[in-house]
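Mind looking over this structure? Questions follow.
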Amino acid sequence: MLQAIILVVAQMIVLLAVSPFLVGLIRKVKARLQLRRGASVLQPYADLAKLFRKQPVVSTTTSWIFTATPYIVFASTLAAGLLIPIFVSITPLDFAGNIIAVVYLLALGTFFLMLAGLDAGSSFGGMGSSREAIVASLTEPAMILSIFAIALTKGSTNLSTIVHKTALLEGIATDPSPYLMALAALLIVALAETGRVPVDNPATHLELTMIHEAMVLEYSGRYLALIEWAAGLKLAVFLSLIANVFAPWGIATTLAPTAMGIGLLAYLLKVSGLAVLIGILESMFAKLRLFRVTDLLGVAFILALLGLLFFYILRS
Amino acid sequence: MQNLFLLLFAGYIGGLLLPLCFPTKPAVQNILAHGSAGLASGAGILLGVTGLFAPEPWTASVQSTIPFLSFAVRLDSLASLFVLTISLVGLVASIYAIGYVTEFYGRASIAALGALFNGFLLSMTLVVIADNGFFFLIVWELMSLLSYFLVVTEYEKAEVRYAGFFYLVMTHVGTAFIILAFLIFFQAGGSFSFEAFRHPEQPLPEGIRTLVFLMALIGFGTKAGIVPLHVWLPYAHPSAPSHISALMSGVMIKTAIYALVRVYFDFLGGQFPWWWGFIVLVIGAVSALLGVMYALMEHDLKSLLAYHSVENIGIILLGIGAGMIFQTYGLTEFAALGLLAGLYHTINHAMFKALLFLGAGSLLYATHTRNMEEYGGLLRRMPWTGAFFLIGAVSISALPPTNGFVSEWLIFQSLFLSFHLPTVLLKFMLPLAAAALALTSVLALACFAKAFGISFLALPRSSHARLAEEVPITMRIAMGLLAVVCVLLGLAPMVVVPMLDRVVTPFAGQSIEGKVLALDGWALAPVNMEFSSLSTPVLALLLVALSMLGLGLVAAFGGLVKQRYYKTWGCGINLTPRMEYTATGFVQPIKRVFGAIYQPTVKLETELLEESRYFAKRRHFEFHIEPVFQKYLYDPVVACFIGMAERLRVIQGGSLHLYLAYIFVTLIVLLLFAV
Amino acid sequence: MQISSHIGSQLVDLCSALLLLTCFAIVAQRRLSACVDLFALQSAFLVLTAALVAFLTGNHHIYIAAGLTCLIKVIIIPRVLKKVIERLNVKRELVMNVNVPAGLLICGGLVMLAFFITQPILPLGFLLTRDSLAIAFAIVLIGFFTMIARQKAVSQLVGFLVMENGLFLGATAATYGMPLIVELGVFFDVLIAVLIAGIYTNRLQDAFDSVDTSHLTGLKE
Amino acid sequence: MAMIEVVVLLIAPLLAGGLSLIIHRSALLHAINLTSMSLLVASEIMITRTVLTDGPFTTLGQLVYLDALSAFILFIIGAVGLACSLYMRSYMDEQVARGVIAPGRLNMFFFLFHMFLLAMVIATVANSVGVQWVAIEATTLTTTFLIAFWRRRQSLEAGWKYLILCSVGISLALFGVVLTYYSSLHVLGDVSEALNVSQLLPVADRLNPHVLKLAFIFILVGYGTKVGLVPMHSWLPDAYTEAPAPVAAMLAGVLEIVAVYAILRMRMIVDHAVSPAFTGGLLTLLGFASFVTAAFFILIQRNYKRLFAYSSIEHMGIAMIGFGVGGPLGTFGGLLHLLNHAFAKSMAFFAAGNIHRRFHTVEIGQVHGLAIAQPWTAMALMIAGLALSALPPFASFVSEMQIVSALSAEGFPGQRLTNSSGMVTLALSDQFSRLGLTGLFLLCAVLAFSGLLYRITGMVWGTPPEGIVRGETWTLGHLPIIVLAAALVGFSFFLPQSLRQLLEQATQILLLH
């Protein structure tokens, strides 16, 4: 029991600690690719610290929803993070929810963000929420299908089981093709869900392009801090999900300290790698028009479908 | 149990008759009608619970003097479950009504309203416990008829009359199909008793069984509101007074689900070809998707909720369909899981849909309008209603840890189990159904973000909203009760699952309680911990704890600095309600992306200022979405029959000679051919 | 007796044939008053037939029937109709729904039909009046047809009465008369019916200033 | 046996009629009317008692034959007749007051009314089919003036059509009677009792089948005209529209049923000699013809009296299907349906009468907001409409269910014959054909339902037009409406014991047991 609690807390700390770093890393990579020096990788930490200390300004039109939302978003995203294996393949909270629970926990955050966007009453917030709605609704099916493709290969929807089996090299060698399809699909989904280029641009405040930023436009001070942090956490969640499901190499399958150390190291390397990859992708592509996003997510859906198809064809 | 039933019966009958004794005192009528209805439904709750855990189904019957008709009732676990649901919602509706019907003092006869309300509840209860086909049909039609009269309570309005008549005809058409299905059983068994339906003298041939399947699907589907038979629903449900809408959307359409389960798993003994389940599954997916998509385009709050009933019926059918498919291939425990998930969602939907309709009713009560665009900022003026509505919205959007999430999660699991199925087609279609479910649920999320956000948040958009006040205590209590139930159903699956298990065991042939519940009830784990697991209590705890953590972090890093209030940044000008995002604007992207389904027609007229063409004097914007089913399915059918009638008209041309000729010819023809 | 009965049947057949003939005459006749006269003639033949049957078989109650027929159908009803015609001063049927030649052809067809249908049951009848059932049926059909073919109220009445004659022929000839009470009832009804119809024609005349029943198409659907 | 009752039964209307001729005070006329009616009902009840205890009997020297069936018909005559008399009290007076009817003609009206009743009673109790024929013709002659009582153009036209069509039909029926007599010659000889049911029934199986077939066709076409079976129905809508409300109620509620009774009597005889499939087939055929046609016509009516007229055609069709299909279920359902229709339809016409008195129009389009203008009438109309479209909790649902169940179980009569005669029909396809018929039945039911309720809801709901007085004016006429409604609801759950016995015995009689 105690051990479990310690593990959970550790996992939580890792996630909280890593998430700003990932954001910073992506920014750094992009800066580099744009031949700028860019801010330090640790800049996000500083931002958060400052935001926490600033006095928040709250719109007079808002209700308690507006102030409650940051906490709910933060909590739900972190909760989702605690359900997926980070550096140990068997997470203690595994029983609390499988991958679908993860998806819906993230949806909970999205829901309240939308409400908050509407609460301020400015048309920016509404615009953001409305766009978030369409993007979210298009990513969901692709996400579920790709998840299903993965779940099939391991005959389970529990992340720990999937990761553990994969880590012990069960059934991964048999047929990589469904995996690759699912991976590609999930990558696109991750980009969309975490509001990166080409779906959204976290670095802009142009009303024509922004989605996530528009929703949170009215936030300031500690509330903004929590939301920014939650956004980082969401990124971390997706990256860890991809990293550990598709490449659980090095993850600790036992609770031996050394194994866990290695696991942690491997985890950091993997997510950093993915962050760099995202940075590169973001620099390679331009942001799509909102109504082109559908095409991209359609592709993701089809990929996931193909993954499923391949699985059955190769099995039967 | 007998006494409980008699108490229930007496309560409803009392509520039906007593108000009529005080013709002039609406207040008294109100109390009498809804008080005794509450009493009766309280008895109903007890009846349901006892029936659920009774070892043997309770039966009773009164022989009628009319041949083939006997008033037989049988309270098995399935019936008990629905009695429980109906009575629970009924109780809440009665409490709510006490406050709500004050709206109608002087505008409608409270006595009639209360009497119909009681009769409606009674008929629904009898529908689910009837044990004789004839009796079932009587109470079934009675249920439709009474609800029709409730729908047309405000009969001065033309649209209400239209809605009512449309409903009446549709439900009657459905009943015709049901009668046909029952008559097939009658042919086989020579009796209308359900026992004979279960075990006909000679087994029905395959073709006939298929006919029964289709007839029942169409007949009960009409009542349930499956696409494309759903068209009446978004008209009828909103037109009724809100506590009635809650009953209709919450429980009445569920009686159809009850009947489907009864016919397929009980009468037909759960023996069917794979494509039956497949059809149910597909219909479920289509209904779910189209239901939510049309809901998104509705800006009349109650119509929006009505469309969501279509959606949720679809979701329920997804579960039941999956169950049927598994049943075909003898995977009984998965079948049980699917059925259980479907029934779980049935109950959940009853609760949160009732809650939401009551919430909508409160808004109507406070603002006297159903148009969302005229709401706004109501959370501050009606905090309680707002909070309860939010709980309902979260539940129907299937967000953890509420009840909607649990049942949808279970349905997901049963769909994921499809890889056990032998045929590739099904292996492949069930995941697609899962994808459809995912899309549905997230669209529902968007829809309720709209519904709640536009109605309750930001600035009031009209004087209606500005002057709104919180509703009377009884209404709040009613909503509060349902909100609590919603949360409990989500947090305590360990209580609900065993109940449902008792229901599905007889049909699936085995109890799966042990397979679904793990960690002595703290987690759901179909079919084992290896495959999947979910623990809503723990998730809830986690969410609370982590929010606390958030607060802690805030305190730790910055300290709770006093926050400053200032008006929203409106690009330099003061924010007015007219600058807010409208519901129409909110769904615009969705409308555009799914334009193929909506086929929207947009009309924008702009009148520019003479001085400068950069400024518009006034803009007129309107958009309609194509009512596809009415236009391409219903109107042609109606036109066809009317056309035939018009053509027939000539035979009654008014000429005496013609008439004589008819008789003459008839005589000759009969003489020539009949002899 | 054998021979006499043979001759008797011949005679009865002859009379019935005459009845049928008058039918054709009525169908061919356009002038209303002439139609009425023909009807009276037909009724006279009917009386003859009835008397003949009564005489040959010795069922005396048929005499009563014959007498009533004579009274009502030969004397009273034609009078009434004549009166009506005079008052309405409609002389002749100008337009018909079916013109005369076609009408005659159809009637011929009807006679054949009548024989064809009654063929199997004729042997059951009494030797004496074997074929008159068929003839009676034919007369009924022709009367009916007349009602369809003619437009004036009066001629429709005549058609109706021809039907009645056919029925009576059937009753007397085929079955040697119905029970007396029935017969009386029938006569009574026929009489009343005609009187009522007479009243109606007057009222129609007042209301529509025509007895052309093809104008009565106000009520439709 | 039960002599007195029968005598009363016949004398009461006769006396009342005679008195009405000489009396002119309306109050007195009504009093006479009501007393004779109540006498009628009383004697009927006595007769029913006797029939239930010791079966069929003849009296008045073989002139009268009474069994459960005729007792049942008498019951309907009495019930509806009494209801009408109660309703007439206020209705006729108002007509006189409004000058629609000259005060001098009121007693004429009552005279005809009583004669009409008398004729129907005779037609029901007569032992000889000949006498029965005479009586039924008499009903035509009496009612034709009642129909044309308002001497307007349309009413004259309606009356004339009614007179001509029905007389012609009836004469055909007479030919049927002649043929029956003809068939009985060799069995019973040329005796005046040879047309008596009491004589014919025992020997019926020795009668010549071919003649009887012909006879039945003539009778069916003839009396079918009176019933208003398609395609002999053409006079019916006109007549019902033009007749004053109580008369229309009597026509729809009683006269049709007496005609049906005449057909059934004949059928009883024919079925002994010929297979029931023959008569059944014919009845079902005409039944369906009427049902389908009426269902479509109901869809397009703009005049509420015509609407009810067509619905009568529809329901007679349904009852005919019931009798045609036969079997205990079908026959029982058919009889019960006759009763329900009589009640519901007379209610409908009473309501129609009230509406006409308030709105002075028969156009459906000009009647709205009845629920506000005349709440009780609106309720009556609604109940009648629901009962006529066979919705629970009204007895007509029960009877219609029984009929359709019988249909789905038995199928089209004569089909069994075709099967037995070696025609290749698989069990399954047979079942499907039965289901097909059932489907057709239900389809028409739905059509009629939609048509009827579309109009009725259109009239009941909404807000009344300008210048219409609001609020019900209570009259004696509301009493029968309430009683009938109560009966309709009650019978759908429990039939009174005696009524049920009556129905069952009648069913037995019709099923040749």
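For the reader, a short list of remarks on this structure follows.
When the chains are written out, they are named A, B, C and D in that same order, and each has its own residue count from 1.
Keep in mind that, in the parts below, a contact is a pair of C-beta atoms (placed from the backbone, for glycine too) under 8 Å apart; a residue touches a chain by one contact, two chains touch by 3 or more.
Note that this is a predicted model, so its numbers are computed, not measured.
Annotation: A-B is the more contact-rich of the chain pairs B-D and A-B, by number of C-beta pairs in contact. Think of the whole protein's Cα atoms as having one middle point; the chain whose own Cα middle lies nearest to it is B. Each chain's centre was taken as the mean of its CA atoms, and the one lying most distant from chain C is A.
The distance from the centre of chain B to the centre of chain D, each centre being the mean of the chain's C-alpha atoms, comes to 44 Å.
Chain A and chain B, compared by their mean Cα positions, are separated by 35 Å. Taking the mean of the C-alpha atoms as each chain's centre, chain A and chain C sit 102 Å apart.
Rounded to whole angstrom, the centroid-to-centroid distance between chain B and chain C, based on C-alpha atoms, equals 71 Å. The residues of chain A never reach two or more other chains; the list is empty. Shared contact sites, meaning residues of chain C that touch two or more other chains, fall at 117, 144, 147, 213, 216, 218-219, 221.
Shown for chain D are the residues that touch two or more other chains, namely 160-161, 164, 168, 172, 210, 214, 237, 297, 300. Remark: the chains found to touch one another pair up as A-B, B-C, B-D, C-D.
Every residue of chain D that touches chain B in the complex is listed here, in rising order: 160-161, 164-165, 168-169, 172, 210, 213-214, 217-218, 220-221, 225, 231-232, 234-235, 237, 278, 281-282, 293, 296-297, 299-300, 328-329, 332, 371, 386, 391-393, 397-398, 401-402, 404-405, 408-409, 428, 431-432, 434-435, 438-439, 442-443, 445-447, 449-450, 453-454, 457-458, 460-463, 492-497, 500. By the touch criterion given at the top, residues 64-69, 71, 134, 137-139, 141-142, 145, 152, 155-156, 158, 161, 164-165, 168-169, 172-173, 176, 179-180, 183-184, 186-187, 190, 205, 207-208, 211, 641-642, 644-646, 648-649, 651-652, 656, 658-660, 662-663, 665-667, 670-671, 674-675 of chain B touch chain D in their complex.
Across the complex, chain D is touched by residues 59, 117-118, 120-121, 124-126, 133, 137, 140, 144, 147, 153, 156, 160, 163-164, 166-167, 170-171, 174-182, 185-186, 188-189, 192-193, 196-197, 200, 203-204, 207-208, 213, 216, 218-219, 221 of chain C. By the touch criterion stated above, chain C contacts chain B in their complex at residues 97, 113, 117, 144-145, 147-149, 151, 213-214, 216-221.
The residues of chain D lying in touch with chain C in their complex are 128, 130-131, 133-134, 137-138, 140-141, 144-145, 148, 151, 153-154, 156-161, 163-164, 167-168, 171-172, 174-175, 177-178, 181-183, 185-186, 190, 192-195, 208, 210-211, 214, 237-238, 241-242, 297, 300-302, 306.
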